[in-house]
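Take a look at these structures.
Look for chain A in each of the two complexes below; its partner is chain B in the first and chain C in the second.
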Partner chain A sequence: MRKNKMLVAFACCVFAFLFLPLFIIAVTAFGGESAITFPIQSFSLKWFANIFTSGSFISSFKTSFQIALFATLLALLVGIPAAYALARYTIKGKNMIQSFFLSPTIIPGIVLGFALYRFIVLVMRMPVFYGLLLGHFLAVLPYIIRVVGSSLSQFDFSIEEAAWSLGCGKVSAFFKVVIPNITSGIMAAFMLAFINSFNNIPVSMFLTGPGVSTFPTNLMNYIEYNYDPTVSAVSVLLMAGTIIIMFVVEKTLGIASLAK
Partner chain B sequence: MKKQLPYLLLMPGSILLIVFLILPLIKVLFPTIYEGTFTVKNYREFFQDAYFMKILIRTLKIAVLCTVISMFLGVPTAYFISRCNKKKRGLLLALTIFPLLTNSVIRSFAWINILGRNGIVNTLLMNAGIIEKPLTLLYTEFSILVGSIYLFLPLMIITVAGTMENIENDLMEAAESLGASRLSAFIKIVLPMSIPGIIVGNILVFTGTLTAYTTPQLLGGNSNLVLATFIYQRAMSLGDWTGAGVVAAVMIAATMVVLRIFNALAAKIDERGEKYA
Partner chain C sequence: MEFLTLNKIDVTYDKKKTVLKGLNLEVKEGELVSLLGPSGCGKTTTLRVIAGFIEPSGGEFILDGRNYTKVPVHKRNFGIVFQSYALFPHLNVYDNVAFGLKLQKLKKAEIKRKVEDMLEICGLSEFADRFPGQMSGGQRQRVALARAMVIQPKLLLLDEPLSNLDAKLRINMRVEIKRLQKKFGITMIFVTHDQEECFSISDKVAVMNNGLIEQYDTPENIYLKPKTEFVARFIGFNNFIPLKKQSGGIFITERKELIQVEQETKLEEGLGTIRPDDILLADETVSENVMNATVGVRTFLGRSYQYEVDSTAGKLVVNAPIGKVYEPGDRVRVQLPKNKIIIVRKSM
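Let's turn to the complex of A and B:
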């Protein structure tokens, strides 16, 4: 098919719009000046060193990693059985239950954080870490329900019934027959949920207290008080991480699985 | 036992949702309508407050503009991607997903560097002798809008491209060989068939912009609050929990109304499509 020149030019402009800003940040990370300048006047790696010497980036990275991991695992733990029940059985009010499980998507992140802060931290007096964990759990649960659910909707449940009739117990049939068939769905859901939790800010805003701050909220605070290329250096490292993750996903699940 | 099994499987998730989503929401929303007796006083006060209305209108204005512009930029780009060969399409999709996986703090930070007082735009314009004093681009509604488009455009592209990929190439070629120009084939064939994807894209971008916190916080500053930054300021700086609750209710209601409108639109288009089919 012949390509329209106008359309090619248009798409090129859109991709330039998407990538030039990221390219500029990446370049400024290597500047030797104490304020961000573009183009850079001298070359230096000191901003990368700065990330590792100021402890807050490292400790908040660990916090975010833990929160993202635990929140995602918890969401998988309660989300997979729920998605299975919704896909497998005809139950009363199925649509309503489904929308109930997807309901965190219609609650804005900042409202979710606000409500949890009022309830968990001020009323139940639980430590903020648990508030963060629960907030992120709620925020990622819909991803699990949707992605695992769509994976299950393509699964032929007669295979499971065959296993039952051949004497396999219900629980062991679930783990030996159902789970292996939806592994790629579970993996995609895990990646999506993990990345979204790691990057989430609105939910965390109210729930980061003394001693507990997530990586993005810490980064945001840093930007509000400093204007040096440390943040550019952090961006370069995060983008490198993203590229690695995308590469691994492409080799295993196919990149389109993250576009859900 | 057999009948109870599905409910048993749904139980843990339901309990967590009720205890940590529904109860906390009731806890913050109920006081906004109940002070000894049921009252709409808090809401009346808010909607009569010029300051609040300004923030509400600003938020809606940015969300509408961001959605419309993302649609105009995103739909042709998605069309371009969907017509590429498989290998190139995969690469372009990966390039579109990449910004989506990059933290929104970083994506906003990029625009601080570009639009700031000593940022790239001002430096270029001053070096070229077009302006003498730096323009105020950052911490304006304009910078929030640019940052929001930057944030949500990839989402529009991905969503629309997903629908357009399913349209058969043959259909397009048939239209062209029957004498339709490429533009009219696009408008008469591809566009109508992509409407479901475009609607989903609009929903995601609109509700996303309506509730975004990071971009308005970093690019808008304190003089350009939107609902999400306003709720945080109300609660944390002013300790006005009821006020923050009212804003929370307005945000949830706005999201629901937007979803209703778009879903009704989708249903209407479906119905019309069936009639003409």
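Let's turn to the complex of A and C:
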């Protein structure tokens, strides 16, 4: 049984390692001092108020949320059929295409951001919001294709053939029997892509412009010039939001469905 | 006029690998025809051509007087039972079976009646609310059958539908399939590589080899009168003696021994084949089709001994009753009864 105790102790250490920083951040958010200190000397909620009065946080949050949502939805729209085609048919150079889709997850974000900057901002001269949207779309598309693709690789395509044989056209069979059986993969891809886009700095850094900034870039700019606990307060709100979303997902879908 | 005709069907995968080469098949209405053959001979491919999943590069497929070669799968109205069952995992048994009917835009009440009847027939009424993941292999198999049959298909195609079941269930299910086939008078094409299964339920058997049908006949004829070496080997003949016809009923071996054969044949030259069970170890009194031989390896089979003997006509496998035991090296006389010898065409 000694081994077991060791294991428990080890698990506790890992948890502590993971949660201690979060705990410290959460505590500092409630400090009354004008710089982040731990432990806090006085209690205050003014930094939370600061988030809502400063305005730039709210507007950049909105921007980021919109970008993440639209970019992810767009990527799903393109990525699901692409993943389907890759999984369903034997296409020449399939492996090459697959590693091509993997590449943006390997090359440094900065490189991708800079390449997109050259193309989207300098060559195409797109409006900032659409440029950001396009950039994020390209950044998250590989995740969608990978995750949905791995879900489809588990799918028995004779199920689809069975639907055809029962009188279902190809398009309708895709929606009636393929999509319902990869929903967990689609959900997982959605979450992954959304979070990735929402947190993305390297791509956004190059593509944001006057008047439009994303939440993480805004946060970064803020930290550069201010050392007050507003960022801690922001983190607390984000954590709370995530916990609530996870709770709702758990209650409605079951967390297992995301892991599947 | 045949109900189903495959006329010189060619299928080539990846532009170079020819799998079916001018395959012909004719099936009468209401018949259960099996495609039997070793792995990779093209059974599934043939079935998929009929189903419409593969468009043949040559030839045509006629059903009930209509050319179906280019009709898309979803307009064919054939029932298909897949080896993996391919049930819809996200739908319960009732909705799985109702799937095809809903697409036919029937009234709700009619769908309900048909589905419930079919579930009843297949013994699945109590499982209507279950999902495929919660059922055993045999039950899933029946759902797959029910789903394919409920649309009253013109043709029912089954690709090794029993290969995932255990031995006892296989026998039950094949009786079940035969019963349903008779009840609805559905024309069925059944793919298998299990001889016994195929002989027991088929009206006709097509033995396939290398993308061609070697013999298409009733199970009895396939079993008793194979036409080619391949078919004979496939159903358990393993003695083959090269023979040439000399005159009616008399054949000559390579060593110029005369062998009498009862069976009529047009072949001038071929292989004489006989089952190990049919060869007799003879005493001195018989003289017809008798050869001298030396006993080689002996194997105990339970009901009999199997000997490999070296005869003047070549190596033979003989099953002899366990009454008398021969040792390797013993000299024996083997008799090939003339009514048990079959002349088959040599296969490549």
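By our rule, the second predicted complex is superposed on the first by the 236 of 260 C-alpha atoms of A that agree within 3 Å, B and C clash if a C-alpha of one lies under 4 Å from a C-alpha of the other, contacts with A are read in each partner's own complex, and residues count from 1 in each chain.
Following the convention adopted for this analysis, a contact is a pair of C-beta atoms (placed from the backbone, for glycine too) under 8 Å apart; a residue touches a chain by one contact, two chains touch by 3 or more.
Since this is a predicted model, take the numbers as computed values, not measurements.
Visitor: Identify whether chain B and chain C fit side by side or clash on chain A in the overlaid structures.
Guide: When both complexes are placed onto chain A, chain B and chain C end up side by side without any clash.
Visitor: Counting only touches as set out at the top, which of chain B and chain C does A:177 meet: first, second, both, neither?
Guide: second
Visitor: Where does A:97 make contact in the superposed view: on chain B (first), on chain C (second), on both, or on neither?
Guide: In the superposition, A:97 contacts chain B only.
Visitor: Rounding to a multiple of 10°, what is the angle at chain A's Cα centre between the Cα centres of chain B and chain C in the superposition?
Guide: Between chain B and chain C, as viewed from chain A: 90 degrees.
Visitor: Between chain B and chain C, which one contacts more residues of chain A in the superposed model?
Guide: Of chain B and chain C, more residues of chain A lie in contact with B.
Visitor: Please indicate which partner A:166 is in contact with in the superposed arrangement: first for chain B, second for chain C, both, or neither.
Guide: After superposition on chain A, A:166 lies in contact with chain C alone.
Visitor: Tell me the contact category for A:38 with respect to chain B and chain C: first, second, both or neither.
Guide: first
Visitor: Quick one: is A:235 in contact with chain B, with chain C, with both, or with neither? Answer first, second, both or neither.
Guide: It touches chain B, and chain C stays clear.
Visitor: For A:156, select first, second, both or neither according to whether it touches chain B, chain C, the two together, or no partner.
Guide: So A:156 only meets chain C here.
Visitor: Which of the two partners, first being chain B and second being chain C, lies in contact with A:202: first, second, both, or neither?
Guide: first
Visitor: So in the superposed three-chain picture, is A:21 touching just chain B, just chain C, both, or none of them (first/second/both/neither)?
Guide: first
Visitor: Can you give the closest approach of chain B to chain C, taken over C-alpha atoms and in whole Å, for the superposition?
Guide: Least C-alpha distance after superposition: 9 Å.
Visitor: Which chain A residues are contacted by chain C in one complex and by chain B in the other?
Guide: none
Visitor: In their shared complex, at which residues does chain A touch chain B?
Guide: Its residues touching chain B are 1, 3-4, 7-8, 10-11, 14-15, 17-19, 21-22, 24-25, 28, 35-36, 38, 77-79, 81-82, 84-86, 88-89, 91, 97, 100-101, 103-104, 106-112, 114-116, 118-120, 123, 134, 137-138, 141, 195, 199, 201-202, 205-206, 216, 219-220, 223-224, 231-232, 234-235, 238-239, 242-243, 245-246, 250, 255-256, 258-259.
Visitor: Would you tell me which residues of chain A are touching chain C in their complex?
Guide: Per the stated touch rule, the residues are 156, 158-159, 161-170, 173, 177, 180-181.
Visitor: Help me check something: in the complex, which residues belonging to chain C touch chain A?
Guide: Spelled out, the residues of chain C in touch with chain A are 51-53, 73-80, 82-84, 86-90, 99-100, 103-104, 147-148, 151.
Visitor: Under the touch definition given earlier, write down the residues of chain B that touch chain A in their complex.
Guide: Touch list, chain B to chain A: 5-7, 9-10, 12-14, 16-17, 20-21, 23-25, 27-28, 73-74, 76-77, 79-81, 83, 90, 92-99, 101-107, 109-114, 118, 120, 123, 150, 153-154, 157-158, 162, 169, 172-173, 182, 207, 210-214, 217-218, 228, 231-232, 235-236, 241, 244, 248, 251-252, 255-256, 259.
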